[in-house]
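See the structures that follow.
Below, chain A partners chain B and then partners chain C, in two separate complexes.
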Partner chain A sequence: MINGLIKAIANLEEETTLRLVREKVESGETPLEIVEQCRKGVEIVGKRYSEEIYYLSDLIMSEEIFRGVMEILEPYFPKNTAQKEFKLIMGTIEGDIHDLGKNIVINLLRSVGFEVLDLGVDVQPGDFVECVRETGASVIGISVLLTFSINSVKKVIKLLGEAGLRDKVTVVIGGYPINERIREYTGADYYETDAVKAVELFKRIIMEKEGS
Partner chain B sequence: METRLASANKELFISADRPTTLIGERINPTGKKKLAAALQSGVYDEIVRREAREQVAAGAHMLDVNVGAGGVDEVALLPEVVKTVMDEVDVPLCIDSGNPYAIEAALKVYKGKPLINSVRGEGHSLQTVLPLVKEYGAAVIVLPLDQKGIPNNAEDRMQIADRIVEQCVKTGIPLEDIVIDCLALSVGVDSNAGLVTLETIKRVKENYGVNITLGASNISFSLPGREAVNDAFLSMAIAAGVTCPVVNAAKARKCAQATDLLLGRDKFALRYIKYYRQNKELF
Partner chain C sequence: MSENIQQKYNERLRRYQAAIALEMPDRIPISAGSNYFAEVYAGHTNQEFIYDVDKWKEADVKFVNDFPEVDAFRSGRFWGPLHDAVGFNMYKLPGRELSPRTQFQFVEGERMKADEYDLLINDPVNFLFERFLPRTLNDFKEPGSARANVALIKGAMASAMLGGFMRNRSMYLQSELGMPNSMGGVFLAPFDYLADGLRGLRGVMLDVRRQPDKILEACEALIPDIVNAGLAIADPLRRSPIFLPLHRGAFPFLSPKQFDELYWPSLKKTMLMFIDAGYTIRAYLEGDWGPNWHHFRELPKGKVLCDIDVQGDIFKAKEDLGGYQCIAGGMPDSLLILGAPAEVKERVKLLCETVGKDGGFIINGGCGIPYDTKPENFKAMLEAVLEYGRYSDTFDFEIHMSPTPPAGWQPPRRRVVTPWEVKLQELGGVKGEESPIKKNWEMLEHMAFNWLFSWLW
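Up next is the complex of A and B:
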């Protein structure tokens, strides 16, 4: 069922969305119920983006609206759910500063409810591994556009092995130049070059991990 | 400030009192599947020559050459493609790679004085690229970004630019051989991106007076109707101080020529009218 709130977010109507959220809070809906509706709205935005009805700007706008919603709801959440468990780590590899593709994938993943820790750009191989150790994340997404940086991706995999973490972590690489040959060369588990397909891939990986 | 570049037989001068220099962007496989596949397979001669010829015919004064397609050995490929382009057209080239070894290999075969694209504000890039620029007497594009990425404000971009320019001067690269890229990011991602770039351009012009470039088409990335945004931005950027944007010459030339006329760089509109006469079908 598509209610007014879902529709407002899907149509990127910021003021209407925030007003509806306030009204729902006052009428006693739980923050989780409200977030779920918003998530559905953002999911529609993601779908429209993948169908090329919406553009990247629209996707970012939906995130902005969602942030506003979370601000309103923050005080109503029970304290313990505020602690976030990062399932997914993402970053652009050392030597590369292209982040648009990575950001699109992160936006889409968040829009379908995943917790993503964004390490930013030019991330040293050791920092990926350090972050896995600190957060216990089980999936890493590495974005790489400059072919010169592909060796640094290989290094991440090597360092994960040395740290004894390789079996616990699934590594996905993505970016314009990536193909099966490069995946094999780096030793990553999967690769994807299309943002929407990448999100499907991450969903599958995480579902398998949760199932096992 | 005047930057001199050269091909085997021709000199090119870039400065703010001359018409805008257009650097053709199309020999770059990013987002171009056909060119990428050609570079990967090694059968690129025809497509590279065609892109070179067409861009120069469309009004490019220089050509950027980038071969960074997935899986290619840039160190081996970049000098070969540079040779192919030099053989096809006689304009100065912009040698574009993130790999200093590929840049060096291309410098070894280049005839004339090229522009190196690019050096960034972090140790490895500075230490490897600047000595090459000095050794081969080239000019260099400076990117005001560092390991933390592209700053989202003009102050931070200027700080990085300061650091790089200082390092250039220490290395013995004269100011006129430095071209600063003020970094255009998509306004489809951040609607303030255009303002930040324009502000950076103004400051670079005031502080250094050096020539300024931009990957101008980036501004409209992810948006529909890109040409309207590209043209409006190119005009503003040139008015603010950009002298040698990297563009798709076939699309940007009309706008650049009209802008040059409006900025008093085209006496009696001679260049503009000549361009119109020769390209009526574009108007």
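Up next is the complex of A and C:
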């Protein structure tokens, strides 16, 4: 069922969205219920993006609207939230400070309900591995926009091997210069260059892991 | 210049210019606008190259001597000390914030706020001094302070020095190595000034939805200053095209409708003004321009060399732009970096037999040759062009070289900070001839404004 809020987000109507969220808060809907509707809206945005109805400017707008919604809801969330279970670690590789693509993918992943741990940009190869150890996450997404940094991605895979974690962890690399040749060179498991397709890929990987 | 070198220079320039003009040269020209590979090929780190201009000559000499088949060439144009003099925070530099062996990187930021469009449009000098520069130049955070004043003095001096270095380098390339510049001078699309240095990508993308009219108004207002700033550093003899790196017009940043309405009209107008001034343009279609590059058919034929990036389909580009504009590219970065010479030759052969077969094509990587290209792959690319890219032994084409603009051309209005009329009034008139005093006053005022404007990107 598509209600007004889902539709407002899907159509990127910023003012309507924020007004509806405020009304819903006042009428007693829980923040989780409201977030759930917003996520559905953002999912439609993602779908429209993959159908080339929407473009990057629209994804960024949806991110901005979602941010505005979370700002309104922030005070209403229960204070002591339980430890989050991160399934996914994301970061831009060492030497590279691009974060647009990574942030869009993270936003889309969160909007479909995944907990994503964002390590930021210029992430050292060892930090990815350390993070896997600490959180038990089994999927890593590495963003790489500079061909210069490809060897650092290769190093992540090597370090995972040395730590005995390679079999447990699926590594996905993404970013515009990535192709099958580069994936093969780095030893990563998958690659994707499209944000929405990347989210589908992550979903598939996680479903397989949970199924097994 | 020895006769032999002069001959070599002319041979290369003719080949390069002929291809851009859609004439048939003797073979497919080889030219990268940005030859990153050449910066590090001689063994220098990226930091050394950016901080020590003496390394430029060493790098250029080694590169040209080892790869004489290249027809037009340009490597880095950044000089770290200029950035440091003013604390320019739009780039991270190797050896400063980044490891000495990596490439410089652009730093996203919102250096103009959403409500500052009117100020930018109506009073750019005030906008620059009061808003933009304090956010962009770390040594100019407190305008009026001694540190800030000295930063401007240092910055202006460093810019003049850099201008001298670039000129000397160009002269050396021409007279000692017989190598033309692949580009001279630079400008951006009006929309990209907003999207890169001013509002930042996120800011501009939100404005696309929230205040598109302001974007249009600002793009229009920026055009004359963009043209003047670009002409100030372009090749005075109009031999080399002016560099136009195109950023946010790529798929999938804007929808086709947004592109048509917000990106293209002011870009087209700006390009036409450079073409009217007697220049050609080398446009980097960075990212995937497939859905939008058909617009380049609207411009005069053979005036805009379009570099097709690795995300674009070079074969489709030929289909869409063939007969309208020359295209450059075709060599995937990953092939140059990770491939083997035999694969490289195979790729060149394919390009020569398809996109290159009837002219209008220059071989290159995706807008440049990557730093970490394997030298043996680069060599293989050149050898393969000689083998498969030949059209004929001789060809007719006269080199285009002109120190003056076409008859009747007028520059757009030139901005100054303090108009001559104000100065003249303060002086209470002049006792001799007014015109030489006025002319030079205005020239330096105009240069000062161009300098301020140069920090927008």
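We adopt the following convention: the second predicted complex is superposed on the first by the 201 of 212 C-alpha atoms of A that agree within 3 Å, B and C clash if a C-alpha of one lies under 4 Å from a C-alpha of the other, contacts with A are read in each partner's own complex, and residues count from 1 in each chain.
Going forward, contacts are C-beta pairs under 8 Å (C-beta built on N, C-alpha and C of every residue); 3 or more make two chains touch, one makes a residue touch a chain.
Predicted model, so just to flag it, every value in this text is computed and none were measured.
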item	value
Touched partner set for A:Ala137, first chain B, second chain C, both or neither	neither
Which of chain B and chain C A:Gly120 touches, first, second, both or neither	first
Which superposed partner A:Val129 touches (first chain B, second chain C, both, neither)	neither
Touching partner for A:Leu73 - first (chain B), second (chain C), both, neither	neither
Contacts of A:Leu88 with chain B and chain C, given as first, second, both or neither	neither
Chain B versus chain C as contact partner of A:Leu12, first or second or both or neither	second
First, second, both or neither for A:Val42, with chain B first and chain C second	neither
Partner chain in contact with A:Leu109 - chain B first, chain C second, else both or neither	neither
Contacts of A:Val21 with chain B and chain C, given as first, second, both or neither	neither
Residues of chain A contacting chain B in one complex and chain C in the other	55-57, 60, 95-97, 99-100, 146-149, 176-177, 179, 181-182
Residues of chain C that touch chain A when the two form their complex	92, 98-99, 102-103, 105, 107-108, 201-202, 205-206, 208-210, 251-255, 258, 287, 310-311, 332-335, 337-339, 370-372
Of all residues in chain A, those that touch chain C in their complex	12, 14, 49, 52, 54-58, 60-61, 64, 95-100, 146-150, 176-177, 179, 181-182, 185
Interface residues, chain B side, partner chain A - complex	30-31, 36, 68-72, 74, 97-99, 102, 120, 122, 124, 145, 147-150, 186, 188-189, 191, 221-224
Chain B contact footprint on chain A (complex, rising order)	55-57, 60, 95-97, 99-100, 103, 120-122, 145-149, 176-179, 181-182
